[in-house]
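Going in written order, the chains are labelled A, B and C, and every chain counts its residues from 1.
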């Protein structure tokens, strides 16, 4: 069981070390992702040219691979960057946005898993099930099923890939195939803000940059997301203002609140 | 004359069916467009790789083609996606951002009209006049003239292309070349928020996804935009906060308000 | 010494003439940049296709070259656009985002300086020192040093390039290598909003479009940024809401406030 005080330690570590998180991510969410990383205390950089991704990885502490608006050149950059990240020993967090929606996405996701060897995979329930080759169809980039139905797929995927797998949803699940945690923080308005899942991926990367226990890093991240989401949602009239109140909530987030309100438990061991 | 109750029906239909709207759109507005579609109740997806656009269209209910930050590869994807959309019989909404500003934009817009056969074309007055080959110069992406001066161009364009043409501006005009509607909702602050026109295009697509009467779908969309704009503008200190209050207004929009406050009339039949 | 009334004159000139600013900029900040330019009274356009950048420059009053998310095709467009801008005699404002972080960025920045001959270069302290070949390492896109340590590098760079060089930071410095101004407006929350530096570059371009005294244009711009930042920061709970309150502050900015509160001085002549 994760020591509750470790969550506080992790958040403080992000703020002290301000780890550089290199994002090869989609056009829709770049601005939010950068702002979320700054707000939590990390340092974001976005760079995708094959001419520089390896050098950027070499000054970074974590790498985010997000295939939301993918194209062949970007996938090439993702693979190059990941190989540099593996060599350097920094965590790679993969966000398989929209996998299950088109054959091309399925093919690219399989390639990325094989070549990039992600340390952590974060997706919604449909995406995790699609990756585990369950017969599920993603509706564009939105999930068509609830997170708890994907837990077995996540465990299978974790075993196959040696990655920690994170399902985000009304309840979040984090598993390495053996131990499985559930995090219950969050707000129903979160899926109505575009890119909230992508932000979760980036926040996972920020924690993974400072905590090599990737299950614990992921639990810290998802609890942070959920609690900030609850706060932002209660301050907002809708998903528009929520988007920026969420950034404010991350910025004003104190480590004590995280320790106090993180609602996580082991569901299986 | 459009039955006022049909507007309510249309908005409710978007929320019940949550149609998937596939956007091949510009970098500037992707985030706003996605959030606006989520807020109104639709499901957005952004994808531009030629490797997948046809497959994405095959799970979508409407396609948006927006040439704001165009380049040859993206135009190729737009044409591929449109051909799939024609085959599938789903509406294609074309936003000719900045047409009239450069010869390349003019050429691409002509190609798109010829090859993609858009169901609906939405632009500002300058853009619609440029498409109709009037001798008008667009100032970058902003209109240089008021919407009512472009009505004849819109009618001409509608007849030539068999598309419903929507001019957005202080007053919006919707025409198929025969019947012309005017929608008078809106706020003067709307053109100061970048991409508000692109958002209108996406909202038109959401309505077109659930209402095959494309004039009625467009009137529903422009009234929705205008009323939400009035609400957001009265809540905002400037165009910055307006951008997100507008998303909140779409989210909180009730169908009764739309039926009650939609200010549309036939100006010609 | 800059005449204080000239600042008021400059801001009014932007609002009267609404100069078209053509941006070849990075994906992360496009939306904010466009909104900031609209809010101050200018007219933004984003276009990067080599097929049209020269034509777009030909209707523009200033060009922004920002290498935040660079790739070879975009660099090619930047060079083409700059050559058209030189021919037309409009100012080119270069933002060397992240120079010093990777060899590729260093190489591209050197090429841009050699080929595009920027009129004004705006960067943070690390970036300006990297451009002046000081032995400094940029942390992704964030500065690792304070602005005053970079003043000598800025002067050297200005002499070498014949550009006005602007260092933004807690204090801003503007120099042509001989005369150096310091601007002390601003808020500590500004670096926590992603792309605030890129916004500064765009606002510099808006002023340069209407004032050929590029030191004065840059001082006007940095004072405008700083005062709007102070206002927005005092209205905000964090960097999320600050991002949009800043746009509102630009929009509501009156020329009298600028004249009154601009905190600039000559530090060297």
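Keep this in mind: contacts are C-beta pairs under 8 Å (C-beta built on N, C-alpha and C of every residue); 3 or more make two chains touch, one makes a residue touch a chain.
Protein names from UniProt, one per chain: A, B, C = Hydroxyethylthiazole kinase.
All values derive from a computational prediction rather than experimental measurement.
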item	value
Graph class of chain-chain contacts, one of line, ring, star, complete, other	complete
Classification of the subunit B:subunit C interface as same or different, half of numbers criterion	different
Euclidean distance of C-alpha centroids - subunit B vs subunit C, Å	33
In subunit B, residues with contacts to at least two other chains	27, 31, 243-244
Residue ranges of subunit A touching subunit C (in the complex, touch as defined)	20, 22, 27, 30-31, 34-35, 38-39, 43-49, 51-52, 55-56, 59-60, 73, 243-252
Of all residues in subunit C, those that touch subunit A in their complex	26-29, 31-32, 68-72, 98, 101-105, 137, 139-142, 192-195, 236-241, 243-244
